[in-house]
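Read through the structures below before going on.
Two complexes come next, and they have one chain in common, chain A, joined by chain B in the first and chain C in the second.
And then the complex of A and B:
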């Protein structure tokens, strides 16, 4: 076992899947000669050639639409959206074609493709290089949406996404690319879609999050433990379809829950999870469901103090926990 | 006040009795414990005592009427409150036993019955109304309300430690944990003259059983020998014929008639097993009157199947069924429960794997039959699964030697293990 970074895990998954299945190919902006702006595809052009590592024009709609077409004729495209901020031109292809293809053909056609979307703040990227917009895709049935938080999950989920027959929006958080290192097995492995990970067991409160926010939640939980508050930490890993069972069981146990999400609060993933908790396990709640989210402003601010003010962090999470613990 | 006299429980499995005579006529003055009426059951004649002093106003049943337990017998006028408590006891014919005083200690009626009912139904739990009122009165979370309903809690009694005294889930859990302790310190109610034990007089049939057991167990030196029987043969025979026989003759042959027959055949070589020991003489019987213990509610009776040596397997099965029916409906005659020469008791029906039965004096042997269990046994060097029945034979060691009894039991088992060698000829 070797310690690798989150972005190395992604490169390994792409390499291994391309090696395993010649139908797998990559398409995106600057992914070939340049090796990707974050170097996720470094070395793959040399290894697999320009037909399988395609430098696309600067056209997200083409990347998405071309991938859907390729998937329809039997290939397994892995498209890269350089920044989630620029995904909007491709929305028509994603929502109208990718998500609905299997449904509208009564299952005769599938769309076995993966769209890697580089997302997230906390890197002083400013308004147009910090966005995280998983909630747009979360509200579109027909799509699978994942967001790994560890190198192990980054590799395992990417492999599951490529091997599956349904379109997956694969969010990779740029703050995690080189920050988090994991020892991961050298043998082939996958991480199942739709299964959350119980990262820490606890008895007083449940923390639910994904992506970078999982690490912030865990940081909060470790601090709270020292103050005698036992927090259970769940990393959702897959956002759509989300692991209802694990979250509900945990809430039934602790009766208190704090939901943490990096993007703006209104209409976010955690709004849905909060509503589902009150629908399904209301009789187990001992305090209101709490959310710690990004602020409801048009974009992540550029100035570092303002960016930190915008983002959830361990301190904000711990405060929310104490608030409902004392409730 | 009006006091309605009812037929009290009349003893083991007795459901009714017949009025023999009224001992208090209408208009008579009655003292506490005075016998009011004599009732005859299949076992015994019982005088029903009065729980109150007063005047006998009206008889509700005539002489020779059959009355059921719980039926109203008479109306009396008594002074003061009447409570519906069950402090019944029956006095047996010869001894005319009095009701023990502690059984009918006067109790404050309502307080006692209410407290008892509360304890029985709800224990330390709050009633529904209190739970609802508590939930309405206290602002609480869904889980707290759910716990209040599930654990019968009046939330007004729970100390809240949340913001502004709010009750949290943990507060409720602590309350549940502490409730028993708390309630012991300040109980909701108290039994008057709290008794830590219930005293049940051993009378009637129970007393007779008790005396017989003591006499047998402490005058006869009992030894019990165990052996195991492979029931494969009998089971196969039954499987083959039992439905057919039942269809033709209306009786389902159980394992017991086989065992009875095997005793008879085995005793040809070991006759002393089938005997009685009386007045320093061993009466070795040339006939087989086999006692079959029948368990009944709270007691036991041993009807005797007479002259089994003259009866077929089918007839023994029929007699056994008839006797069991009679025992269960309490219509056994005295001659049907006496005169046994050897007994069988089946504890296997209830699951026993072994027992050391007590001999029915003056007989010298009793065979304990136990549950047939599939066991791994060795046959021809191979481990195979066989239905095994353990027998426990208790014998009177004054007159029967160990070797003799052991050989008898072995012989009996050999016969049972090979029923084809004898059974067809006698059906």
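And then the complex of A and C:
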């Protein structure tokens, strides 16, 4: 067991998968010679060559669409979108080709590809280097959407994404890249897609989140524990298809739920989860479903006070918990 | 002549520069495409299938010519008007008709759209409706062939209108950098639905665009199937040898509307009549007859034989059922992720 960072976990997963399967190749901007703007692909060009670590031109449409094509003829592309903020040109390819290829061809053609998307705020990135927009992909059946919160999951989920036969949008949160370290087994392992992680058991309230917000939720839960409130903390890990069973079972147990999301509130992932909770386990609720989300403004502003004001944090989460505890 | 040479029966070359076998093969596919297309138009007007129909009549040579002679492993990255590429690539007519009728036997089981023909065993990608869509993923297929060191090629088909899209540019730009094994066939039929080519770009010959990508671009008469074939063969050979892409612009014309619901009243009768006089099927017939490779009797026999094939394919799908509505849940994901079902 060795302690590694979230970004080291990503590099290891890429390296090990490329070593295991020659059909795996990487394509993206600045990923080869430069090793990626965050160094996620450092050393891989030297090890695997320019045919498998492709420095693409500034072409998000082609990075997405070209990867679909390569997947169609038997390869397992891992495309990198340098910042989630720049994914919009590829939306046509992601929505119309990646997500629909299997469906629209009656299963004749499939799209086993992974798109790594570097995302998230709390890094002073400003409007155009802080977005996630996972809700756009969450509402598109045919896609798998994951967002690991820990180095262990970063490695295991990336391996599952690469080995699976479906197109995966893999959101990696840049605030987490070098912030936390995990002990990772030396041996090969994967983390199953579609399964959430129960990070902390509790009895009074359920906190549901993913990515950076899992850490904020856990921080809130630790604080609440000292005040005598026992919070259960679920890290979704996979956003689509999400783990209904674990979330519903937890709500049945605690009767109260706070949903935490970094992106803007309206139309977000947690809106759907909230609606599903009221549809499926309404009788178990003892208080309204609460949401702590990013604000409904166009994107995360740059100036630190505004950035922090935008984002949910442990304090805001704890406040929402106390509100429904008192309900 | 040495004895050894006598044993080799070479196909007879002629003024066109193609063997009799190739010329007749091209013509047969051209004729089959025309007859099938006209039949589908008729069936649509009879209300025999839903949606609409996108006829390719008038521009068949642009798809038949390049496709003829390809291997099964070579891919066609089509748009919605590539019935000729399907016919020539050898997609069975009942698969093509199945797609039109959206029946359970259709390669897509009725999910996509009538003119989204595609069949993997013969290497035809089922198209999406997004223009230049298959040009982009087709370029990705060519990238995949190159990475895997396979000598397969991709033919990407699109209209002149699609070349205005950003994704089209990104694909060709990429193909130029890596010398991908792909041939881009622009079917310039002068109209992108209702918008004339003059309002699509500030150039007259769309092959000029190739200059910006560092590979050859050539403009040819898209209604001469023999010229189209010969030009494409050179480009395909070049692509297969790893020398990179070619953009071939075929000047052509679609006789009918964008689809059957389009009266095409944005263009003049004079223009239409002018292009009808350059009918690619008649052009091929005249050429073959002048070379004594085709007679009226032979043509009639061919028409009869093709019509019989079409009759059989249509009657097969006519009897076929639609897929059960629950088919809706299939092929969303791999079996690992079954879709949640709704009880209506």
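The rule is short, and it goes like this: the second predicted complex is superposed on the first by the 327 of 327 C-alpha atoms of A that agree within 3 Å, B and C clash if a C-alpha of one lies under 4 Å from a C-alpha of the other, contacts with A are read in each partner's own complex, and residues count from 1 in each chain.
What we mean here is this: contacts are C-beta pairs under 8 Å (C-beta built on N, C-alpha and C of every residue); 3 or more make two chains touch, one makes a residue touch a chain.
Keep in mind it's a predicted model, so treat the numbers as computed, not measured.
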In the superposition on chain A, see if there is space for chain B and chain C together, and answer fit or clash. fit
Touching A:284 in the superposition: chain B (first), chain C (second), both, neither? first
Using the touch definition from the top, say if A:65 reaches chain B (first), chain C (second), both or neither. second
Touching A:255, do we find chain B (first), chain C (second), both, or neither? first
With chain A at the vertex, the Cα centres of chain B and chain C span an angle in degrees (to nearest 10) of 110
So, does A:298 touch the first partner chain B, the second partner chain C, both, or neither? neither
Once the shared chain is lined up, is A:326 touching chain B (first), chain C (second), both, or neither of them? first
Regarding the shared-chain residue A:228, is it in contact with chain B (first), chain C (second), both, or neither? neither
Give the label of whichever partner, chain B or chain C, reaches more residues of chain A. C
Which value in Å is the smallest Cα separation between chain B and chain C when the structures are fitted on chain A? 24
Set of chain A residues, in rising order, touched by both chain B and chain C: none
Which residues of chain A touch chain B in the complex? 255, 282-287, 326-327
In the complex, the residues of chain A that touch chain C are 25, 51-52, 56-57, 59, 61-62, 65-75, 89, 92-93, 96-97, 100, 102-110, 141-142, 144, 164-166, 193-194, 241
Quick one: which bits of chain C touch chain A in the complex? Just the residue numbers, please. 75, 106-109, 111-112, 116, 118-120, 125-126, 128, 130, 133, 136-148, 150, 166-167, 170-171, 173-174, 177, 330-334, 336-337, 339
Can you list the residues on chain B that touch chain A in the complex? 141-146, 162-163, 166, 168-169
